[in-house]
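Two complexes follow with subunit A in common, the first pairing it with subunit B and the second with subunit C.
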Partner chain A sequence: MATDPNPGGLISLLQDIQARYGYLPADQLKAVAQKTGRPLTDVYGVATFYRSFSLKPRGKHLCSVCLGTACHVRGGPIIADEFSRQLDAPAGETTADREFTLETVNCLGACALGPIVVVDGHYFSNVSPVGVKEIVERARAGLDRVEVKTDQRIFPVEVSCARCNHSLMDAEHLVDGHPSIRVTLAFNSVHGHIWLSSLYGSFNVESDHEIPMDTVADFFCPHCHAHLTGSANCPVCETPMVPMIVRGGGIVQICSRRGCRGHILDIGGQVF
Partner chain B sequence: MITLSINGLPLTVEPGTTLLEAARFLGIEIPTLCHMDGLTPYGACRLCVVEIGSAPNAKLVSSCTYPAQEGLKVRTGSARVVRARRMILELLLASCPQSKAIQDLASAHDVRRQRFRQEHETCILCGLCVRMCAEQMMAKAIGFRGRGERRSVGTPFDEPSEVCRLCGGCMYVCPACQLRCTFNEPEKAICGGCANLSAPCLEKPGFDDLMCYMAPCAACEIRKD
Partner chain C sequence: MERLNSIEQLRALAARITADRDPQIPVIVISAGTCGQASGANDLIRIAKREILANGLADRIALRVTGCHGFCQAEPSAVIEPDGTFYPKLGIKEMARVVHAVGHGEVAQDLLWRDPGTRRRVQKQSDIPFFRAQTRTILASNQKVDPIRIYTYIENGGYSALAKVLWSGDPSRVVEEVKASGLRGRGGAGFPTGRKWELLANQPNGRPKCLVCNGDEGDPGAYMDRSVLEGNPHSVIEGMLIGAYATGAAEGVVYVRTEYPLAIKHLIIALRQAREIGLLGSGILGTGFHFDIRIVKGAGAFVCGEETALMRSVEGERGEPRPRPPYPVEKGIEGRPTVINNVETWANIPLIVSGGAAAFARTGAPGNTGTKIFSLVGKVKNTGLVEVPMGVTIGEIVNEIGGGPSGRSEIKAVQTGGPSGGCIPASMFDLPIDYESLAAAGSIMGSGGMIVMDQSTCMVDVARYFMNFLKDESCGKCFTCRKGTQRMWEILDDIASGRGEPEQLDLLEELAAVVKDTAMCGLGQTAATPVLSTLRYFREEYRTHIERKYCPATVCRSLFQYRVIAEKCTGCALCVRVCPSGAITGPRKEPHNLDQSKCIKCRACADVCKFDAIAGDAIVAVPSR
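Coming up: the complex of A and B.
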């Protein structure tokens, strides 16, 4: 086959599209062919050649079961069967509710720990058929939730309002098993309470209302009703941050944008 | 200029000449399946295998893609080459036993048995049609899709292609399907698939300027009349 005299990052383009949509829609592939001047057959050939590209919409969670040699002899196929039974979808397919995509891969490079399963980038080693159900349930609940008990770096803070210095802790409402931080919140003419985890490093929250991702909310003290949003901006996304006084000295600032993980903890001039 | 020897015969060729071209220049017959003059060598079928080098380091290469090298000693008919070639033919015959081209080659090389399970594939992935479409017809309407055992030839998304002119060049060069092979002699027809095809000149407007490989074709016969 004649080598292309003008190769131009086709794979990178397709990776960007896949990152945006989760798969490669047909009209996007046609647009790539048109914009880059490449024949559609080349674009389609590359898109179908690589396993990491998918032409079909994928589920929210991606389960990759390793069927490499080591995992295979340690029971990888049984794990794959159990997954497809639990999810009610054959390997390579997406469940009807678009929650899970099950795929088999040929090696994940951790052969000593087989059988290996990777769900949403989290590795599970020495998986047994009995453990499959738990993995599925944890993935459904969201693996990105912080495992509070296992992480020693996470510690609780007690905070108070930066204006009236009343404690914001709510001992009756536990988040992550610790008293939560209760503030009132307003966005898009919605008012309600939000309970933030008092563990620094955990981003779990509970709220009266579902807060859409990327919403920038206003925070108020439940005691003095002062507007808590401060003057500092989030180091991650430049959204104004909400300062709160830490008991024992110091200030913690949290980003007011939902989903942003920009937090600053300043205790006695020492920034964490 | 490069001097090499093929089957002991010395030969001087231009740099960039392939071993196949050099051997054909000497009149030495090397069977090919995926090679066609006017198309880029591809090396898919391995039928043009030859042996290069001397005893302990001798190796088999596909002559259609191997460029001539100074002092190279090439053997096109050694026992090892013949054995390899017959094995390749046996495998090709197993994957596509209905192909007239492969049957003829197998018969010519005295392949009398076929020890592998017959697959009855419709394609041996020789890439002739893909290269024909891209390099001679300048259409690039078909290409390879997928990989491994899922590799196949066809249009993107299996939709009728916008750039295809229905020239029939892909079928003309195909060694496996030979869809147009014996259309006008129904008693010799292998698959009869062509009888269901509509002629491109009736399908595509402005076709008169284009090259057509569909002959013999009923539409042309009608036009003549």
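Coming up: the complex of A and C.
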């Protein structure tokens, strides 16, 4: 296996395509057949054998209603029907406006909390028929959206350089209405400043140069000019992270890749 | 991360981490597996950090984010170490109060778990009946370990079992130890793990050998493997390392369902950290031993839990089973000798090596040693993952740990073993849970799903549910499985829809026997079990569906209609509020009206009514024959 250039075979190729397009477009399946030298029927065979592959484009929001045994005995099928009624689309289909895809899944493994529904990666537990409408409405508005001003889960932090301990806070330059965190950064041949929101949970940044998405930048302390990139890697994308000392006792590490929200906030001075 | 180049360095690191930790500082442990996160654990983590920082408590309180603690019913929950104070069902405000209480060395009495029977508050986790009656050798570690930090695993004795076998330098002794422990495969079939390893170790040299961790937990209703992979991935990695050392395997595969994103994420991080620190790859702990593990994500096919189908899926192909022999241990992934063990089996290995086979075998019953994790779900008060010694009775699990029925309705049966298992009636709850007893009762151990059913669960519907599942998941290779499951489902659907005939019960049994005898793999061979076991214990319910065209559990929607019992209805309007289709109307304090034409029979009204004023009647009165 270690010598196999494509150890995952057809499945991993198709998983990559689905991750990119959200479904398996016909021309991509043909491309896979050509690339691997396999007949198209084999590729199609694998694509239709497994439940997680879709040959049709899917909606912006994905609603998965669990129909595992525990959810079934707690009324999962009724929840699936109610989603179908609210969205006007049968299970396995996408709404006409391409907003929602409704699917049923065999078991999500959160059986104690059934009936379970997952919408865009957010879990809803003990769903009742009358609660379905609200879930759809919240999904339409965007489940990832947070109100920076009112959300209790978002709170300001003050940070300093992990090398010289000089404060990195910039009271002049506000982001999200709060003093920002100012560091210098470099990517490609660009040097400049970036102001990060000091609200834990907000991912807003401002900078004097546009930073293209997915750029991995080097971060420096504007006071001691030390290279701030640390030794730990981002739990989401494995890019090196930038540690900063949090006032009150802790270390926050943020991913150095533009657009990645990976971060770790450790409380206390624990080294391990 | 510093690389460990010897067993001594591993031991020194463990000692250093322990010395670094002040045991006096209380730790807030937040349970954040999938169940916890689904219930809001991520918000609690945020709030705990906010409060600790804002109040300058960082050097007085430590925080640990872990996988699932098992008491899913109580999520999101937190445990305070070292005293074991347990706080269930915390909200944002309550979490803030917990931080303050811990900071002041106090206990927030009104947030403690309350016993529904005595109505007394219980402070310690270990005093709560749900936890007290368990033997948590595997699950307890979930609480100790932060799955994305390998140091917390090492701090708790992690990888010391690996160090022990490397130190001993005798692979065959490891195989003997696992054999002596009596450990049997936790994936369902119960094959002795040590014997499997011995067969692999004895394969002729020269061909690279392969170890697989089967994390394709497809049985709906079972999720202990997810919990272990999410909460303690290093225990699986260590188990596989020990297995590799014992059998001479050089490469490992963890096959995980794609439906478990958090398990995959934690496993990826754990593998990377193990590799960085020198516990995977070549020259492990400075010895000549080398082994590495990669992850293969499943793509959603139940049959891939079957070992020969799983191997095809690992190779990237359609997951169709093939006949055995040859067994995977002779001819496995890409023709290489392969051993496939389930997640929970692997997680048991470090325990056996650390504590010794004899100690392991003392738990449980002869022939059924050790503990088994069950997912206790459905119509039971305390739902969650429970770990008990093999051989305890079903009743002990359902009534003592589970706390009995969740509602007012009596418990009717327990379904074990997923789609390949059966339903065991409440009258048989003194049955000990071991591989043989369950098989004799017409069910199976399976991977440990335990779904409790009460009077509002229809057994015909349960059989139809599983058959629908199996007909969809049958790979289609064997004709009798493909067509047999389809035909059985059609008959069950007829019965559940009011089209059933008495002769169909015999036909069902005949079909079941044929599918069982002729299918090639486990999926087909056991496909009839749900039908046969419900027919065996609940034939009367089938008859009522067929003869009276009535579903007494009010589940089969063609076979009943709801009615408001005017004499019982107090007009509290609770049902009006939960009805999603607006079928119930009426002014408060007067018996409500139920419009049959609007009713979608979702049962929301019947579930919420406190006066049993919603009745499910037969639609047509059919004279009984």
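Throughout what follows, the second predicted complex is superposed on the first by the 142 of 272 C-alpha atoms of A that agree within 3 Å, B and C clash if a C-alpha of one lies under 4 Å from a C-alpha of the other, contacts with A are read in each partner's own complex, and residues count from 1 in each chain.
Here is the rule we go by: a residue touches a chain if its C-beta (ideal position, glycine included) is under 8 Å from a C-beta of that chain, and two chains touch if they have at least 3 such contacts.
Every value quoted in this text rests on a predicted model; they were computed, and no experiment measured them.
Chemist: Considering only the touch criterion stated at the top, classify A:29 as touching first (subunit B), second (subunit C), both, or neither.
Modeler: After superposition on chain A, A:29 lies in contact with subunit B alone.
Chemist: Between subunit B and subunit C, whom does A:40 touch in the aligned arrangement: first, second, both, or neither?
Modeler: Once the two structures are laid over each other on A, A:40 reaches subunit B alone.
Chemist: Using the touch definition from the top, say if A:21 reaches subunit B (first), subunit C (second), both or neither.
Modeler: neither
Chemist: For subunit A, which side has the bigger count of touched residues, subunit B or subunit C?
Modeler: C
Chemist: Scan A:132 for contacts with subunit B and subunit C and give back first, second, both or neither.
Modeler: After superposition on chain A, A:132 lies in contact with subunit C alone.
Chemist: Going by the contact rule set out at the top, does A:49 touch subunit B (first), subunit C (second), both, or neither?
Modeler: A:49 sits against subunit B and subunit C alike.
Chemist: Considering each complex separately, which residues of subunit A are in contact with subunit B in the first and with subunit C in the second?
Modeler: 1-2, 45, 49
Chemist: Using the touch definition up top, name the residues of subunit A that touch subunit B in the complex.
Modeler: Within the complex, subunit A contacts subunit B at residues 1-2, 26, 29, 39-45, 48-49.
Chemist: Which residues of subunit B touch subunit A in the complex?
Modeler: Its residues touching subunit A are 40, 42, 127, 130-131, 134-135, 140-147, 155-157, 163.
Chemist: Could you please specify the touching residues of subunit C with respect to subunit A in the complex?
Modeler: Residues in contact with subunit A: 1, 17, 20-21, 34-35, 37-39, 43, 46-50, 52-54, 56-59, 61-63, 72-73, 75, 92, 148-149, 151-152, 155, 210, 217-223, 226, 251, 253, 257-261, 265, 269, 272, 292, 294, 296-302, 313, 315-319, 333-334, 375-379, 383-384, 415, 418, 449, 451, 453, 457, 462, 465-466, 469, 473, 475, 577-580, 600, 602-604.
Chemist: Inside the complex, what are the residues of subunit A that reach subunit C?
Modeler: Interface residues on subunit A, with respect to subunit C: 1-2, 6-15, 45-46, 49-53, 67-75, 78, 81-82, 85, 105-114, 116, 121, 123-125, 128-130, 132-133, 152-155, 157, 200-201, 231, 233, 235, 238, 246-250, 265, 267-272.
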